[in-house]
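Alright, structures below, take your time with them.
Here come two complexes built around subunit A, the first alongside subunit B, the second alongside subunit C.
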Partner chain A sequence: MRDTPAALDPISFTIEFVTEYYPFIIEGFLTTVEMTFLGLAGGFVLGILAALGDVYGSKWLRVIINGYVEFFRGSPLIVQLLFFYFSIPDITGLNWDAFTAGAVTLMLNSGAYQKGYFKGAIEAVFKDQLVAAKSLGMTFGQTLRHVVLPQALRIVIPPWTNEYVSLGLSTSALIVLGIRELTNISKTIAAQTFRPLEVYLFASAIYFVWITVSMKIFDWIYEKVKIPGLEVSM
Partner chain B sequence: MGMGEVILASRGLKKRYGDLWVLKGIDFEIERGQTKVIIGPSGSGKSTFLRIMGLLEPPTEGKIFFEGKDVYSSNLDLNMLRAKIGFVFQEPSLFRHLTALGNVKLGLRVVLKMKEEEARRRALEVLKAVKLEDWADHYPAQLSGGQQQRVGIARALAMNPDIILFDEPTASLDIELTWEVIDVMKELARRGVTMLVVTHELGFAKEVADEILFMDDGRIIESGPPEELLRNPKTQRAREFLSRLIGGA
Partner chain C sequence: MFTFNDFLFLLQGVPNTLAISFLSFALGFGLGIPTAIVKQFPKYGLNYVADAYIKLMRGIPVLVFMLLFHFGMAGIVPLFKSAFLSATFALGFRSGAFQSQIFRGAMNSVGRNQMMAAVSLGMTRWQAFRHVILPQAFIVALPGLGSEIALLIKDSSYAFVLGVLELTKYSDIVRKATRSFFFPYLAAAIIYILITFPIANYLDRMGSRLKSRYGLR
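Then we have the complex of A and B:
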């Protein structure tokens, strides 16, 4: 790596560093996307289960679920990452790498937020349909699968898109575990090139384009699966 | 009357919500092929009685018999019994994410485990019976209230139930939409479908009911053939109720 005194001159704006560092930038971006999808996927399963437990479960189950949700919504993601990475090995004796610890923490964190969105969507399914399903002889499980979830999963798309955006951008917190995602890579490049302005602007642009394109895709999916009368006012 | 097979019956049926006794002891029975109509002022317990007979909620006291078997004390599968007792609600209560066809098909597929082709054929046949074959691909939000209610009837009818319970199926409809639903129900009665109907449509009651039951304050206080009960009610309360209803108050 060169040290470029020219970087001290704020007039000479250049993104020349991209040509040299693009493999690292791509690696960082892919790690960011990977962590986002791991967190969202794990959070999706946790979120649905927690929401069903909170809506239909016993009092004790609801207490446990809401304790979990409050913990993850009531503390900073960075603290959660540090806590899980450093404390779990101390407590359990299990050693885990930063990547696994980061992914699991994101899943738990996202699950807590997704639970709220799924709960809202499940409660938005009109109750008369549950009685109608019962009158046909459907079991509770059949009603969930064939009546409640098909509607809730459509209703949840717009708020769920917010969680995608939020978690996607929050993956930058993984820098505290030294995971080589986009923010961490950018910091390294900025330090090596002395071009923080250009490097961080470029990183921001990547985040922006990624999130914008993703939101368009979710809007498209929402339109695609939309059913007359089941629209959500956004 | 009194010759046929009793399909659904209750003995000493009572229901309490908190401190309030909504049903205070109801003995009832209906035979295969009969149509019985329940009338009475709001708050008299008609809808509660119907929901309990539809096995949608349990009674506080008393027994319900389906084809002679005590529903809640035998080892009967309640869901299988519910599949044999059709229910049409005051609000159409259609599955909002499914088309008219999908609504009728769901119980056939999930509960009766019919194959897709067979369920589809059966659903279309029943939609035709309620004159909605051209609307099979429409979602509930794209149908009028009367059409939605007819899909609800088709959904119940498709299961080939032993009896269909109707809970004020026209109460939330405009007058002109009421007729299309009532016409379908009359046709079912003529075809011999066993029906227990809570309604204020006295024309329907007069034309097809074998018996009218007048409910007040959680009890059946008078019952009889339509011409008798409507023309010449024995109890003061039935007289008052009918004169208010006919007077259009």
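Then we have the complex of A and C:
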């Protein structure tokens, strides 16, 4: 049993397991990153569409979009994962594996959060500009493409970075579907090596470095693409 | 078949979900205020400790903390032999970092001018902070605290992985027992929404009501 506090003894503290298990750790980390990017990319498309629908759409469209957002923002990701993984095959007879179910649920979840950020960014673009664009003879699509989105996509970077961080960390919830991402792999290694303390600390370090480096990159992009004099705050 | 009795059975998970959420919120409150103060008044290098704490909590999944506490540290800290307490402390430590950010934002929004005015009236910086800035900062922080509680209620579902008998675990039990794949999780999701929404909404409204009463922005 775990009763002997081996971890108190500094000599026995070892991360030797890394030499043996590093292929699995890398595999787990890559799955985590892959899931994060799948979720973000799908959520990006869903989020923009939902935000545009909420700002410019009809009343009924708005009701549907807000119902979608309320469901995914109001309930835990774990429950959503279990719900979609088990219920979709049950209703449709369609069989899907845990990976697809996980990716689709992450997309739907992230889309609901990203909708809020995009909506804020779209609304932060001054209304006068829409009138001005119209007076220049631009169609709605042209205004969106050349006036609203170029500004909104720049404004949205900082809140979007938050979504990246929180979705990246939430991928640990995929453990409930048995997907072999970093947390799940760590749990397996911890059980096999009887070194839970070291294994989870090591996993924490990987998550931490990954998130910190990603945030630095997004900050750099934000500075790089920013239009001087047009810093609109949300 | 998922019956009404199954739904009632499911509800037995709610007390534990609420207990985890509110205990971790209280812990986070206790940690968040000192962290925010230490960051606001840098002294003895404690602000670097607060910084590291906030960064760490922001960069590591709360589930990994739960697993680390329960499986990795139970031998060192006897408290963590309980899965319930491991989950609560993991959520509480993270909430402390998040709440410190909320309080700091609120303190900054109250502004330096009032601090200067208070100091010019002969108050010490600490007195000014304690009697002028902090009471107002609480009001400004209310909506943020509301969404923090909602986040904790949702993230208490991570305790499911440790086997704590909370709402998600109960819905999983009902799914296995009834072999109904649709309703147990949907019911759980709706219960979560019904719990989080009024709390966040109430604090949000109370925040804006008090703000307009005291003329805060």
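A few points about this structure:
We adopt the following convention: the second predicted complex is superposed on the first by the 220 of 234 C-alpha atoms of A that agree within 3 Å, B and C clash if a C-alpha of one lies under 4 Å from a C-alpha of the other, contacts with A are read in each partner's own complex, and residues count from 1 in each chain.
To be clear about the criterion, contacts are C-beta pairs under 8 Å (C-beta built on N, C-alpha and C of every residue); 3 or more make two chains touch, one makes a residue touch a chain.
These figures come from a predicted structure and were not determined experimentally.
By the touch criterion defined above, A:Phe71 reaches subunit C but does not reach subunit B. Of the two partner chains, subunit B is the only one touched by A:Ile227; subunit C is not.
Of the two partners subunit B and subunit C, it is C that touches the larger number of subunit A residues. Legend: residue contacts after superposition of the two complexes on their common chain; A:Val176 is shown touching subunit C, with no touch to subunit B. In the superposition on chain A, contact is made by A:Thr212 with subunit C only, not with subunit B.
Of the two partner chains, subunit C is the only one that A:Leu197 touches; subunit B does not reach it.
Contacts of A:His146 after superposition: subunit B is touched, whereas subunit C is not reached.
Legend: residue contacts after superposition of the two complexes on their common chain; A:Lys134 is shown touching subunit B, with no touch to subunit C. Those residues of subunit A that touch subunit C in the shared complex are 2-8, 70-71, 74-80, 82-83, 86-87, 89-91, 165, 169-173, 175-176, 183, 186-187, 190, 196-201, 203-204, 207-208, 211-212.
Residues 125-126, 128-129, 131-139, 142, 146-147, 150-151, 154, 227-230 of subunit A are the ones that touch subunit B when the two sit in their complex.
Interface residues of subunit B facing subunit A in the complex, by the touch rule stated above, are 54, 56, 79-87, 89, 91, 93-97, 106-107, 110-111, 139-142, 152, 155-156, 159. Of all residues in subunit C, only 55-56, 58-65, 67-68, 71-76, 150, 154-158, 160-161, 168, 171-172, 175, 181-182, 185-186, 188-190, 192-193, 196-197 touch subunit A in the complex they form.
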